[in-house]
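Listed after this line are the structures, all set down as structure tokens.
Consider the two complexes below, in which chain A is the common component and chain B and chain C are the respective partners.
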Partner chain A sequence: MRVLLYEIRKAFHSPIILGLLGVFIAFNFFLIYENSFIKDDLRKVNQFADKYGTEINDEMLDKMKQDYEAQMKKVNEKTNEVLSKTYESMDEFYSDQSFYPADHFNEKELLLFNEIALLEYYYFTSLHLEESFQNIDPIAIAELEIKQYGISGQAAELIRSQYGKFTERYQEVLENKEYKHLFPSQRVFETHLLLFKKMFKAILIESLILTVLVTAYIINFEFDKGTYLIAYSSKRGRGLWGDKLRAALIINVLLFTFILVLGLIAYFSVFSYKEFWHVPISSFFNAGKEWFMSWWNLSFIEYLTSCILLAYVLTILFTMMTAILARYVRNSYLVFFIFLCLFGVIFANQGIIPRSNIAFLLGYFTPVNLVLNSFVWFMHRAVTFTPYFEVITVGVWFVILLLGILFCARSFRKCDLK
Partner chain B sequence: MLTVNSVSKDFGNFPVLQDIQLEFSNGVYGLLAPNGAGKTTLIKMLTTLLFPTKGEILYEGQTIFSMGERYRDLIGYLPQNFGYYKNYNPNQYLQYLAALKGISKQAANEKIPQLLKLVALEDAIKKKMGKFSGGMIQRVGIAQAMLNDPKILILDEPTAGLDPKERVRFRNLLSDLARDRIVILSTHIVSDVESIANEIIMIKDKRVLYKDSIQSICQQLDGKVYEIEMDFDQVKAFRKNFLSLSERQDNGRMNIRFIAEENIRPEWKRVKPTLEDVFLYQYQDKEVEQKV
Partner chain C sequence: MRIIWQEMKKIFNPVMLLILVLINMLMYYIFIGFDISVFPNGRPATDHYHIGIEMVEKYGHELDEKEFKDFKEVLQQEIKKADEYIQSDKEFAELGITTYEEYREMKNEVVRDPVFSQLDSKIVFDIGVDLFWEIPAREDIIEDFEFVKERYGYGYIEQPTEDQERRIQEVVNTGAVNSIFPAYPVEDNFHSISKNITITILVSVLFMISPIFIRDYKNNMIGLQYTSKAGRSLFKKKVAAGALSAFLITTILLVVYYSIYATNDIGMFLASGINSFMGTVYWYDFTFLQLIILTIGLTYVLTLSLSLVAIYVSSICKNYIAIIGFQLPIFVLVCVLIFNRSLLSEAFLIYSSQLKVAVLYCVIIISPIIMLIWKKRREKNQDILFE
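Let's turn to the complex of A and B:
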């Protein structure tokens, strides 16, 4: 235990690691700040959810309708007074090119108009929600994806063989009405992309950089400092390699937790999700260009938790990968460089596989692909064709890397330390 | 008893040591050979850092590699190029090594100040090691080797980087430490072992050349070491025919110590051979060997 603590301490004395940690946290705050212009509108959406509930049903639509009509009446009183005009909807109001609203209305009135426009958007979208969702054809979407990616032959057939599961899940969402819930609209706010693409991807890549640096630094510390002869001839001996791996794992998990927790606290302090924690992630409002439902019936908080857990597993996988490299390359910076090359090779490797080959699809089953596509984790997609895509990917890589680690630990015990 | 039993070590296809046979019981052993002769390789095998290609190393009849941490718990090792953490002070550094050596924190807290006092570093206990001189670093190295009160103390070129005063202090310190334990001191500096070693081990051509007391080793040159005084202009010609061991100026003439095995002349003064003479004789260049 004491040895483990000493190893952990080494990482926290590294100015590079601490410096990068500071830069990454600042960058995440900047990402939030850069997108903070949507926070007021998001607050309004929370207020709608608070007032009407998150489940879209007739009762909710009636309440919304009443409020919307009353508000439109107020808008028309105002526009009649100022412009001698009335409007059927806020959409019509904003489409009127004959005047510039800011020239005729004060800030308070403009804010009111904006709020009513938002209510209008949510009311009408909710009103036609059933129709909109029923118009979605998961098979057509999958076929489009197959076409977009240029997939053919056996690979395309493999995807098509899963269509039964695609429609089954779609029917489930339709029947249990997962899609009929209020949620920050993807078309308006792009919050899913902001949280799970920009923020999560940034955090994952930051964690990845720190993971590789920390692991290489800790495992190669004695070789870098020239203390390996004393360290590995001590009573602890070659078992120290295992201590170092454990220390790297603990530090990487701690650093990831630190970055993630600070990032998420900042994110949820700025962008309110107060009313949406338990709303299904497959809400129609959350649908984006590359996804429209999750493979599982998950609420937003469950989805977020699953993503966090998956991110932790990825941190562990990247620690294991780096440890294997560091077993054979006894220079921290060289390990980092080789890891980046390896990351690039895994990413680029898929490009050289014929798109008719099943191996092309298997090329998606990598931690690298997971890091780069965090926004579609657990989401229905043709190219990742199975609901267990994430589980299979991390499971298979974990077993392979675990075998690699066991081999490294064993070979390190038996190698000459010149 | 530590036994090196027919040990050979190859690096790839290159043999470094061949059929090494040694036995160590309590006492000081000077491992004497020029750089590159395989001393460090032998020491790294004794410290389990390298594995023999052939043969085995036994401690009390058990192979040291199967003993694992039980064996490593018995050894204290000061490597030739011993790294350290520049940002640590000696106390922090020794605390870390104490943890690696499985010494409890309480025992380490008692032992470290004693050892730092022994190596005269008690005043530098809180000074960063990055600011230490070569001699101070070496003394920290000796302290770390002694942390676990080892039964086998292995020191590889321990006086490298020490000034003459520190070298003398180190030898005295080693004499104190040598009681009731095996001390293996590897060096290419003869004077480091001459006064303290019970036995000298010389390695030549990848094999053990001698393992004997200094007196016995020196006996082989009995009657072969001479001294002579001559003018400066005669020295060059003399060197062509004899192995010169040392040369010094004395009242405008050269005093030469050399080896001769035949054609002894009466004007040569016969002297008692020293370990350094044997060392120079054994590790002379091939070209010079032919002269002798």
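Let's turn to the complex of A and C:
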């Protein structure tokens, strides 16, 4: 236990690892700051949800309609006074090119207009939500995806054979009304992309870099410092390798938690999700240019939790990968670059597989692909045709890497130290 | 000299070279290859490219009024050909379209006839009849040339400053704007590929140079080196070896990547001015070849400067992880600046402030030199035991 503790301490005594941690956290804050201009509007959307409830039904639409019409009346009174014109909707008001709103109205009025425009957007979209959702053809979207990726032959057939599941899930969403919920609109705010693409990807890549550096540093520490002959001939002896691996795992998980928790706390304190924690992630408001429909009925908080869990597993996978490399390459500098090459090779492997081959689709089942596409985790997607895509990927890689680690641990017992 | 040679031999050790090749193959495959294998990218780009070649062959590198008339003439002939194509096509006849003019009118209608839309997409996208791509491309070029006084250069800046205004007027008035240079595929392709080449070279150079000092430190060589005849002046020699190796790696990779770039077949545009009515305005009157040479020069400046930083970092860090961790933020910052259009060829475009570029390059050139001079002074009085 004491050995483990001392191993862990090594990482936190390294100024460079702490320094990088600081830079990464600052960068995440910067990402949030850069996009913080949507925060006021998001707060208003929360107010709508608070007022009308998040579920979209006739009663709620009625309430919205009354409010909206009352507000429109107020706007028209003002515009009638100033411009002697009235408008049917805010859309019409804003598209009137004959004047600049800022010239005629004060800041407070403009803010009010803005709020009403937002209400209008939410009201109109909610009103037509059912229609627009029914207009979606999941098969057509899948076919388009197949075309975009240039997949053909057997691979395409494999995807097509799963269409039954696609439509089944679509019907389910249609029937249990998962899509009929208020949520920060993708078309306006792109919050899903901000949180799960920008933030999550940044956090994952940052943690990946730290993971590789820390693991290489800890496992090769004795070789780096020239103390290996003493360390591995002590009573603990070669068993130290296992301690080092455990220490690296613990440090990486700790560092990842640090980055993630600080990032998410900052994110959710700037962007309010107060009313939306229990709204299903498949809400049609969450569909923007890309359409996001999860394979299971997950609420936002459940979805976030599963993403965090998956991210933890990925951190562990990458630690194991680096540990295997560090077993054979005793120079941590080379370990880092060989890992980068390996990452690149896994990313680029699909380039040499013909796109009609099923192996091309299997090429998606890698942790690298998961890291680079964090925003479609657990989502309905043609190229990753099965609902268990993430589970299978992580499971298979875990087993392979675990076998590798066991082999390394065994072979290290008898290896030549020089 | 002999010491420098020996130091360079240490830098180019076989394992490192092997990984260098692997890194370059991967980076070529992921970042650079696309701009080579897919050039020109897609349909209107291909047509602009071919029309550009045709114009350069016919009119030279500048377009004057007489040649412009001739170019319009060619468009009329093309339209005639299109008329013939339409008249000989049964499906057009069924829709009652007999000339290209009628086809264009049908196309511009707000609510299109669905049958027409289908036929249109079949002709344009599925069969890909050249005429139906080339005529709009030619019309675009003609329009650009005709409205050069009104529109040229303002596409990217909404409110030009006085200097920008003056520069645009200058380009228009001196006739530099008449240059024939299909910026849309050729220039964009160059911007994109030159950025990726620079980043690939940066990674390669940093990877090779960074261990220069730490390798000796790790092998407990410092004590031996300091007490030898060469002694502390070894620092200077190692810096020289590092800079020389960086220069060598950069040169070799530049030769490799730019000769691959040469297969893109852009030779005929090399002598064209870059401030063309078909493209954007730069602050300076370069030809395309000069722009390429300048970009190569800037690549040298960047790689040499960053390699000096790497040498400095290597001399102060005690372990390998620290060098990587130290340089990672610097490298990312440089990449961001490159993609921000602040460092390479795009830095000379009209919308980027030249003062900013000058300040950036001053910092990039001066800071590693100051660091190394400071380090060299300290090195003279360094306690040998506590390094």
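The working rule: the second predicted complex is superposed on the first by the 415 of 418 C-alpha atoms of A that agree within 3 Å, B and C clash if a C-alpha of one lies under 4 Å from a C-alpha of the other, contacts with A are read in each partner's own complex, and residues count from 1 in each chain.
Note that in this section contacts are C-beta pairs under 8 Å (C-beta built on N, C-alpha and C of every residue); 3 or more make two chains touch, one makes a residue touch a chain.
Keep in mind it's a predicted model, so treat the numbers as computed, not measured.
In this superposed model built on chain A, chain B and chain C occupy separate space and fit side by side. Of the two partner chains, chain B is the only one that A:Lys414 touches; chain C does not reach it.
After overlaying the two complexes on the shared chain, residue contacts for A:Val3 are found with chain B alone; chain C is out of touch. With both structures placed on the common chain, the touch criterion links A:Lys289 to neither chain B nor chain C.
Geometry note, superposition on chain A: angle between chain B and chain C about the Cα centre of chain A is 80 degrees, to the nearest 10. In the superposition on chain A, contact of A:Tyr232 is made with chain B only, not with chain C.
With both structures placed on the common chain, the touch criterion links A:Tyr217 to chain C but leaves chain B unconnected. Once the two complexes are overlaid on the shared chain, A:Leu240 sits against chain B while remaining clear of chain C. The overlay of the two complexes leaves chain B and chain C separated by a minimum Cα distance of 5 Å.
Residue overlap on chain A between the chain B contacts of one complex and the chain C contacts of the other covers 226.
Put simply, chain B touches chain A in their complex at residues 11, 44, 47-51, 68-69, 72-73, 75, 77, 79, 81-85, 87, 96-97, 99-102, 105, 144, 148. Partner chain B is touched in their complex by these residues of chain A: 2-3, 6, 13, 222, 225-237, 239-240, 414, 416-418. Chain A contributes residues 14-17, 19-20, 23, 209, 213, 216-217, 224, 226, 331-334, 336-338, 340-341, 344-345, 347-348, 351 to its touches with chain C in the complex. On chain C, the positions that touch chain A within their shared complex are 15, 19, 22-23, 26-27, 29-30, 207, 210-211, 218, 220, 317, 319-326, 328-329.
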